[in-house]
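Two complexes follow with subunit A in common, the first pairing it with subunit B and the second with subunit C.
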Partner chain A sequence: MMLNDEERLGVLVVHVAMPRIDAMWASAFKEEIATRIEKGHHRLVLDLSDVDFVDSSGLGALVACLKRVGPLGTIAIVGTKGVVSKLFALTKMDRVFPLYDTVDAAIEHMSA
Partner chain B sequence: MTASLKLLIDSDLAAVATLARAVRSACAGMFPVSALDEIEIAVVEAINNVITHGYGGRRGRDVELQLYLRPEEAVIEIIDHALPMQPGLITGIAEDPFQFNLADRASWPEGGRGLALIRLNMDHVAYCSRSGENRLRLTKKRRRA
Partner chain C sequence: MAKAIGEPAGFEGASPTWIGDPSLRGKSDPAIALRNAGSGKGVSNQPRWGSIAVRILISSGLLALSISVSLALEQPEEHVATLWLGVGLQLGILLIVPKRQWAAYVAAFFVTTAVVLWYFESAPVMMLGAALSNCLEALVAALVLARDPEWTAGRSDRLGAWAKFALIAVILLPAMAATGGTLLLDVMSHIEANRALVEETWSAWYVGDALGVAVLTPMILRLQPHQFSELRARGRLAEGAVLVVAFGAFTVTVFLHGGILALFLILPPLIIVLYRIGFVGLAAGMGVFVPVALGFTIAGRGPFVRMADGNVSNAILLCQVFSMLAFGVVVLVAALLDERQRLYQQTIRSHGILRRDLEAAAMIQTALLPETRTIGSITCSGLFLPSSVVAGDTYNVLTRTDGKLAFFQLDVSGHGAAAALVSVAAHNTLSQAALGHASGEALDEVVDDINRDWPGKLPYFTLIFGELDPLTGQGRFVQAGHPSPMLIGRQGAPTLLGGSGFPIGLIATTVHDVVAFTLAAGDRLLMYSDGLVEAEDQSGKAFSVERLCALVEDVKTASSQMLLSAIERELRAWCGSASLLDDVSVLLIERKGALNDAE
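After this line comes the complex of A and B, so read on.
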């Protein structure tokens, strides 16, 4: 599991350095993010710039994490491209997750 | 002229990405990127279903993929010997399968999107089960410019 953390202005930025969040990795990914939430991080940015593919299991893991932060928390998604963007749009998950092109843009919005 | 490819993997989720990339690569000369994305989504979801639901996540079983590239379409058949899907499950998809109540966080779906993603990303989907062999046929038509 290749996740690299960076804390900026009270927001935990998780750089997902793995090419696919799919059925193989979804469960472990969910637990990794859940661990960060349990440690008190309720404002997260998931940087998916290096992620080439997400399947429905990966998407389900993301939704589970979003539910876990609760209504006062937030998980923003950065850097979706290609088939990942297509999946978010097709499943209407782009209505649930705030999507940004850059980490800076996500943090700026979350800090406002 | 038809070109064909046959691939066989173990029922291991770790092998799905390799299979999907192979299909995508084989179709690359025929389809634009957007269609390749759609094919990859459908193939991954279909094989995930076989491994996770059909074989119950058990390794050591076969998942076969046959790809036929015709001038007007690509046809992908996924063959397994797992428990068959319930009849009508693949074709009985709701009109808007991704509808959910945005205001009700608890109801946001964490699963159950696989079959709808297969159905909506391919032009034709057919399924049959006979003598212990299940065949899921996915067809993607080439769009004329």
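After this line comes the complex of A and C, so read on.
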């Protein structure tokens, strides 16, 4: 599981350095993000720039993370493209997660 | 010697009904059923006292014979016995007869041993002492080993069982018996205080006893008739016979011509025999090797005599120790192999059970799917391709009381057994909802209600839930995160309907849109799960909606059945040898028109 963390202005940026979040990786991914939330990070940016494919299990994992941070937390998503972007649109998850093109834009918006 | 070794095997073969009572041992085991069927009608449920007495008599006769063989052998000076077969035979017999008959057998063995020893002019104390020690040794070993009935019945060759056999029956008890016997001889002043003589007597007694157990007991246990019928069932009986004969010829050659090093060449062929025909091979192999080795050594020939510089007495001791070590090594190797084989078989078996379970579940799941059918002007057909045996996809088409058609297709997140179970639950929920809601009720409200009530612990699913009036071709559907249905007209390119919507069971409160559509005569509505367009080729490239559209465009004049076949064919060609990563299902609804009727 390739996740690279970076903390900026009180926001935890997680760069997901793997091509797929699918049935094989979904639950491990969910656990990894959950441990970060447990450690007190309730404002996260998930950078999916390197992710080419998310399936239904992967989407389920992302939503589970969102439920985990609770109503006061935020999970913003950055860099969705191609089929990942289409999946977010098809399932209306683009209305559930704030989506940004760049990490900078997300941070700027979240720390404002 | 060879006669004595061969005797118990012949005896076993001659009277298959002698082996206790198979019906007492695990009735549920299919191997037992096979064995019962194989051994014929002679097995009665309760052996009569008469037949038990005959068996005890035969056993005692064999014991007398084997002890006589041991004693009658021309023993080199001061050598107690070259190969003491008595204990091994007693132990083997006790292990294959019912426990409640042991007392009778042991008593008979005691009397027999004492009488034979008396015949060979042993001193009375020696006679009783040896008989007592033999019987005790066999009885104690049998008591310990009989606690593993699977092993004694030859149905299991676990390493642990053989290790226990080697430790208790071959090492510990013979050592105790030898110690007792040597002390007895000492007390009787047969060997006065000659320390060297005491040691030699002890070791000769010990290895003679131990070797007898090591050779004879496994032979009796493993040469039970059912072991042969199992070999025959595996088609290895002839091969086994050839291998054992070849092994015997090889052993004789080594003893005729080979040197000391050639002795060790015996082990690999013995292991091969074992590997091919199992512990029956070990029993037969040892049954060949030991008489050949002892025979040559007693006759003053072969590598052991050379090793002992011509001292036959020492050579016999060497021969016995070597035989026991060989037995130990081979049993170890064989048990390890057998353990692996057993685990493998166990895995195969449990995998088979799981597989059959899944296949039964798959049959139920497929039975829930609607068959291709025509309702008025509407024809419905589908394609269902699970990625494993069962799928998280499902669909249904139902006729409502108001004459309208209700349909849905859903895809549970994930795949495999868990997704399949959830899909069956969702199938039921959606079918109820499809039939239950009045024609006036809004479809989106039905879907929103299902979403609200969907248990949070279950995986979510994507859904197309719709209805169609067969008379007018007017229809509506709600799209819940499912790929957009495709409207295939007679003319023009296929168009994708709808656009987006929240899946069911992912977000607690949702609002869904209702999409209206019209199926003109000859139009078709194609619904599919994402597994179809996300299916990847060898290089990881997705099948894609574009490719599906192009394919549909190409074959849109074909019948629905042909269209579905074309999709399946194209998909399989796309995936190549790779299996589907996700479940694929397609539901096709066609409204026949005037043109169709004319065709």
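Points to keep in mind about this one:
Please note the rule applied: the second predicted complex is superposed on the first by the 112 of 112 C-alpha atoms of A that agree within 3 Å, B and C clash if a C-alpha of one lies under 4 Å from a C-alpha of the other, contacts with A are read in each partner's own complex, and residues count from 1 in each chain.
In this section, a contact is a pair of C-beta atoms (placed from the backbone, for glycine too) under 8 Å apart; a residue touches a chain by one contact, two chains touch by 3 or more.
Fair warning: this is a prediction, and the values are worked out from it, not measured in the lab.
In the superposition on chain A, contact of A:Pro71 is made with subunit B only, not with subunit C. In the superposed model, A:His109 lies in contact with neither subunit B nor subunit C.
In the superposition on chain A, A:Lys81 makes contact with neither subunit B nor subunit C. Once the two structures are overlaid, the count of subunit A residues touched is higher for B than for its counterpart among subunit B and subunit C. Of the two partner chains placed around the shared chain by superposition, subunit B and subunit C are both touched by A:Ser56. In the superposition on chain A, A:Leu90 contacts both subunit B and subunit C. Residues 22-23, 53, 55-57, 59-60, 63, 83, 90-92, 96 of subunit A lie in contact with subunit B in one complex and with subunit C in the other. Of all residues in subunit A, those touching subunit B in their complex are 20, 22-24, 53, 55-57, 59-61, 63-64, 66-67, 71, 82-83, 86-87, 90-92, 95-96.
Subunit C meets subunit A in the complex at residues 411, 413-415, 459-460, 462, 481-484, 499-503, 506-507, 530, 534, 542, 581-582. Contacts from subunit A toward subunit C in the complex involve residues 22-23, 53, 55-57, 59-60, 63, 83, 89-92, 96. For subunit B in complex with subunit A, the touching residues are 13-14, 16-17, 20, 33-34, 37-38, 40-41, 44-45, 48, 51-52, 98-100, 102, 105-106, 108-111, 113-114, 117, 120-121.
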